[in-house]
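What follows is a short report on a single structure.
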Amino acid sequence: MNLEKLKEIVRTVLPSVDVVIGYKKGLDALHPVPCFLTSPDEIDALVLNPACMHNLAAYLPSLKNRAAVVVKGCDSRTVVQLAQEGLIKRENVVVIGVPCQGAVSVRKVLSAIDHQPVIEASFENDTVVIKTKKGEARLALRDVAPDKCLACRYPTPVVADHLAGEEVEPKIDEKTAYQEIREFDARSLEERRAYWMAEFDRCIRCYACRNACPLCVCRESCIAETRDPHWMSQKATQNEKMMFHMIHAIHLAGRCTECGECERACPMGIPVARLKKKINMEMKELFGYEPGISMDDKPPMYTFKVEEEKIEEHKIR
Amino acid sequence: MSVVEGKELRIVGFLCNWCSYGGADTAGVSRFKQPTDLRIIRVPCSGRVDPLFVVKALISGADGVLVSGCHPRDCHYSDGNFYARRRLEMLKRFLPFVGIDARRFHYTWVSASEGQRWQQTVTDFTSLIHELGPAPLLPQNKTLPKEARA
Amino acid sequence: MKKAGYLKKQKEKEFIAALGAKARVYAPCLEDEAVLFKPVEPDSVICLSRPAVSSPKSAIYPQSETLFSFRFKKDSEDPRRTLVELDDTIAVPDTIIFGARPCDARGIAVIDRAFSKTETPDPYYLARRAKTTIVTLTCPEPSTGCFCTRVGCGPAETSDSDVMMTELEDGYLMEALTSKGEALLESPILEDGTAYEAQAKEAQKAAHERMIKEAGEADTTPVDPETFHSQVFWEKAAERCLGCGACTYLCPTCYCFNITDEQVVDKGERIRSWDACMFHHFTLEASGHNPRAQKALRLKNRIGHKFVYYGEKYDGIIACSGCGRCIRGCPVSMEISTIAAALKKNSGTVSGEQ
Amino acid sequence: MRVGVFICHCGNNIAGTVDVARAAEETAKLPHVVYSTHYMYTCSEPGQDEIKQAIKRENLDRVVVAACSPRMHELTFRRTVEKAGLNRYFFEMANIREHVSWIGEDKDLNTNKAIEAVRMAVEKVVRDKPLYSSSFKVNKRVLVIGAGVAGMQSALDCAEGGLDVVLVEKSPAIGGMMARLDKTFPTIDCSICILGPKMVDVAQHEKISLHAYSEIEEIKGYVGNYQVKVRKKTPYVDWAKCTGCGECMEKCPTKNAYDRFNFGVAPTRAINIPFPQAIPKKATIDAKFCRQIQKGKCGVCAKVCPAKAINFELQDQFVTEEVGAIIVASGYGLIDQELLPEYGGGRYPDVITGIQYERLLNASGPTSGHILRPSDKTEPKSIVFVSCAGSRDKSIGIPYCSNFCCMYIAKQAILTKDHIPDSQSFVFYMDIRAPGKGYDEFTRRAQEDYGVKYIRGRVSRIYPKGKKMIVQGADTLLGAKVEVEADLVVLATAATAAPGAAALAEKLHISYDTHGFYVESHPKLRPVETNTAGVYLAGAAQGPKDIPSSVGQGSAAAAKVLALFSRDMLESDPAIARVNQNACVGCLKCAKTCPFQAIKDEVLRGGKVVANVIETVCAGCGVCTSTCPCGAIQLQHFTDNQLLAEVNSLCLS
């Protein structure tokens, strides 16, 4: 991540686009926020650090104009996936890639500092320095990285018109990427059920996960809210909460680029990204498919093979 | 009126009109006896079966869900069951992740002439579901005020 | 009518259990990393050390409730005639909200007006409200995003609660503010609190000062009408908004709802559930037309409701208690405080935002 | 809403194991249901009248009939409610016969199940929307695939009815299997003598355009408007110039080419005209055997051809034909002897198949009608016919009867006696199936007048011994082992689906059974229709059948097409996908997954892109509906809300 290089790129790109989507300082140093630059005066307000978590590609489908967007490795997959599905036009987007060493989970930071209000935060190489009333805490980036970064295999954007920084080698292989899921799969059925029941129980159906998801493109037509079709009621019961999360996960089957925004957006801290990751793991096993890698791919749920090598007929017992 | 307590469990079947519904008809015409638990929803094609219907049924209290379509290559609409196969396979692998026993969901292919295969499928699936017993219910309204009308 | 008790910290659990024997107790409970207001159960871990993610409003105003249930029955003589059986009994348990913050209590006061000071007072809400006692904790420290003092509330504000509790060295001073509060303090577990009153006063004053230092004094400047009605202002303000309902559902003052009927074959319910003005569906009309089709207009409504419309109806009162939950809970850190401040200037932008 | 429920006894079929009176009583309690009754035979005329009267009397606006399978009578009752003034889609059927009364043994459980089936149907019917067909123009040309006797009959009947016919035949000559037969049972008519004139009619009919040596490459479109791409395979001979003189065949130095027409009874030349009466009488080069094509050396035929018709550079050509209906008469195949190892599996030259024997009998066959053993060209005196060689044999996956073998064996045995008066024929049979007019008399004649020895039993083994073939079997009537010394053995090999039948079915979007035979729409009532509108079946492509049945089906299919084309406009099935443009986000995943390419994008005023269904192309499968994440495209009559209501009625009530 190289802020100066980024500013330089934005300066050259800005005249050719209507808007540049980047990050600026938010309510504190741990909370940078998306910003929409239209004039060179605003360039100096740009920030770039491991707290820049938002997947800015999420804004692309709703933009009518030509835009440049700052993306990390994971976010770049979203650009590919959106273009592949025809939800954006690749030629309308200038992709400014930032190779990424891993981001910071605010939730993990707060947990590490016992939820003290943050007075100041700064970033040094692989350390986050947090000042609170109780003093200074130095946290290793690895310890406060969101789960998605610990399993990241695409730290360098898979697509970029400009690159703000040196390419970063992935630290993880394909096998370990899904380790977390395999471990969860190893739990008993009852345990898994209990786990999700407790997690879903907290859901307030605010749809932050859905709205933060760059690939949830139904927006106003989401079947969690419509009466025609009438898939769900507005009751705040376990049934309905679970149904909503199943809809979200299944609609992302073979499409989720694992940016983790759903999970980060959830105010209740429900690990919803795991659901999608599980399906992704299965998609990879069944169809050798990974979303958001190649522009020419077809999401596996929207195509088929007459002979499916990996699908065997199930026996009832 | 719902399932007959103690005798039946709730099993929902989604059958394509052209093959499996016809297969179930053939089984009927041949008087192939079957357990009575299954209730059949007729759809034009297994490709019409959104995996979410299966989820909806399971979440709403179905003890088992069976989807059956034409054999691969024999789809009346030529490709519908190919899509179904991918989507239902995805679902079958996903269900246990959230703690739903994948055995409670079965998908298969039965042609209009395979009355016997249909009988076997229904008999085996029903007996499996009885072995598994009623599906565990979801806890209702846990966080809500122990509500209004106790 | 003032009465004070002292709750030793080691007796906190015992006290809550005793309350639980009389009523349903809602308290901030630790769930994973999140602190949520929930009905206390024997294994609940109560966490008073930081503000809860969600507000306690759900105790009185649940996320969804059944207003009545119905069942269609046929006249046994004539199947052409359908009869409707209705069950609309309102049965409400006694409820204690334990460990609310003053901003939470203020929130409930805001909702109270909407459901009572109207031509059609809401029996469901009011039944629950009447049976609810609010025990509020003085806020020792401002949290990220807090700005209660700016909107006329404060960390030691007592006006909306039944009991005020203030954390001291090894316990809490519990001061009854209403007769409901007094009844609650009738407990052998509590010691006499008189001796701690001065100390608590001190702590409350300190908390107030810290908040003023952090968030500023009450800002009574009226909203600038020109800015308020500027499309450009709202478009800029809403630019990064994702249009989810986290802000409204976490908000202690938001009370908008939706009513839907759910029916399966012969049985059904009329359900009231939270709704959010940030949702597209909120104002979607049957014709398909939506008067608030853009998120900018929806944001204008949300902020307008809190800082303009509510006051127009209820004596200039601001329908925001400054709890900062919407700021902390927002996936893109939208700051209502900054937008509200910018609204009061005639600059036409939200550049006041950092 | 005012729903009427009609519960059918179906005589005792339903009422025997379902308490229909209780079902009517219970379903009367359902919301929306204002009338519920039970009736002995709801599908009968008085039964249908009862529905019509109830609609008027009770002012019903929706109807549920609980009876047999909707696959049986949905259409019947749709018409009934339509006659009473309701939209025909305001009707649902609950299947309480095939799915309830016939399969469940417990009357209480059955009755409960029947009530639930009605409850589901009521939940669905109250969500039914009125649907209206739209009409479109019909292209009154018909494509007939296969020019065997069935296809030719169809083609001629259609042409006589005034239709333009496109007839496609994959072999170089028309006539199919019948052209290879010597005589026909039970009249011993000369096969080619009765078929030949028909072949000439086909060739000369001004309404029939024939594509011989051609195959179906691709079919697009729908009933009334198909576009068919035909691959005209190259014969390496310019048929426009070829006069059929046969000079090339005479001079062709390759004398060991496989003779497809004669089923390899004797070899033929690399360039050949299949048989003397062939239509079209044109030469075709079998590229596999042609020296010029394989090795680039020869070209004798090109040199000797007086018409200069030979052209080794000729490529396959494609023509697109536009038609409104298709008759599939693609015929059948025969199993390979390899499947019958116990009979030698094709290793013994003197064990031949029925169709090969047919060619030996035929005057224009390779032996000019003399019966000669393939091994030593001597006249056989002892001939054994083995019926069910593969047929009715589950172990090789052919459980069915091949229909015509019993009869042709009797015929061949009779002809054998005519050809070689001092011969003795034996027939091993499982059952003699001779149900047609004059058939049983015919087989008796073989036994009684011609002395053919019929032995009831299966042949277990055939092996050579010296110059003889030993046929071992059991006589199940005597309960003894039998061994016959034969000079020649004729196997009545099982009939199968024609090679490539499945691939053709996929192009046509019609279904086929596990054996590859095409599936008719209803085995009793719609025997020549398929489930794809505008595609009809004729002949053995649907299942093994003899000549009169094939001809009958050919005419039946032609009658269906003529009836279809009697109208200028056709009505489309309105139970197709429809897009809610407000909800559609224009992701077009539906268009990507539609098996029929029936969905295109459309740009609305204001630039919004939405999906748009082409009504006449949509087949109503609903893949789009389960693909669309926001439920914006809904298959009418099977909408999400309808299926959800069914699920809810089962799971939540």
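Just so it is clear, A, B, C and D label the chains in written order, and each chain counts residues from 1 on its own.
We take it that a residue touches a chain if its C-beta (ideal position, glycine included) is under 8 Å from a C-beta of that chain, and two chains touch if they have at least 3 such contacts.
Since this is a predicted model, take the numbers as computed values, not measurements.
Peer 1: Would you mind checking which chain's C-alpha centre is most distant from the centre of chain C?
Peer 2: Following the centroid criterion, the farthest chain would be D.
Peer 1: Taking each chain's centre as the average of its Cα atoms, which chain lies closest to the overall Cα centroid?
Peer 2: B
Peer 1: Can you check how far apart chain B and chain D are, centre to centre, with Cα atoms defining each centre and the answer in Å?
Peer 2: Using C-alpha averages as centres, the distance is 32 Å.
Peer 1: Roughly how far is chain A from chain B, going centre to centre by Cα mean, in whole Å?
Peer 2: Roughly 34 Å separates the two chain centres.
Peer 1: If you average the Cα atoms of chain C and of chain D to get two centres, how far apart are those centres in Å?
Peer 2: 71
Peer 1: Return the residues of chain B touching two or more other chains; collapse runs of consecutive numbers into ranges.
Peer 2: 51, 56, 60, 73, 79, 83, 87, 143-144
Peer 1: Of all the residues in chain A, which ones touch at least 2 other chains?
Peer 2: In chain A, residues 202, 219, 231, 236-237, 301 touch at least two other chains, as defined above.
Peer 1: Would you pick out the residues of chain D that each touch at least 2 other chains?
Peer 2: 119, 582, 593, 627, 640, 644, 648, 652-653
Peer 1: Report the residues of chain C in contact with chain A in the complex, numbered from low to high.
Peer 2: 31-34, 36, 49-50, 53-54, 62-64, 141-145, 239-240, 242-246, 248-250, 258, 260, 262, 271, 273-274, 276, 279-281, 284, 327-329, 331-333, 335, 354
Peer 1: Going by the contact rule at the top, pick out the chain D residues touching chain A in the complex.
Peer 2: Against chain A, chain D makes touches at 580, 582-585, 587-589, 592-593, 627, 629-632, 634, 639-641, 644.
Peer 1: Please name which positions on chain B make contact with chain A in the complex.
Peer 2: Touching chain A from chain B are residues 51-52, 55-56, 59-60, 72-73, 79, 82-83, 85-87, 89-94, 96-101, 106-109, 121, 124-125, 128, 136, 138-144.
Peer 1: Which stretch or stretches of chain D touch chain B in the complex?
Peer 2: Counting only chain D, the residues touching chain B are 26, 69-72, 95, 97-100, 102-106, 108-110, 112-113, 115-117, 119-120, 502, 506, 509, 511-514, 519, 531, 593, 595-596, 619-623, 625-627, 635, 638, 640, 643-644, 646-648, 650-653.
Peer 1: Of all residues in chain D, which touch chain C in the complex?
Peer 2: 28-31, 33-36, 58, 119, 123, 582, 648-649, 652-653
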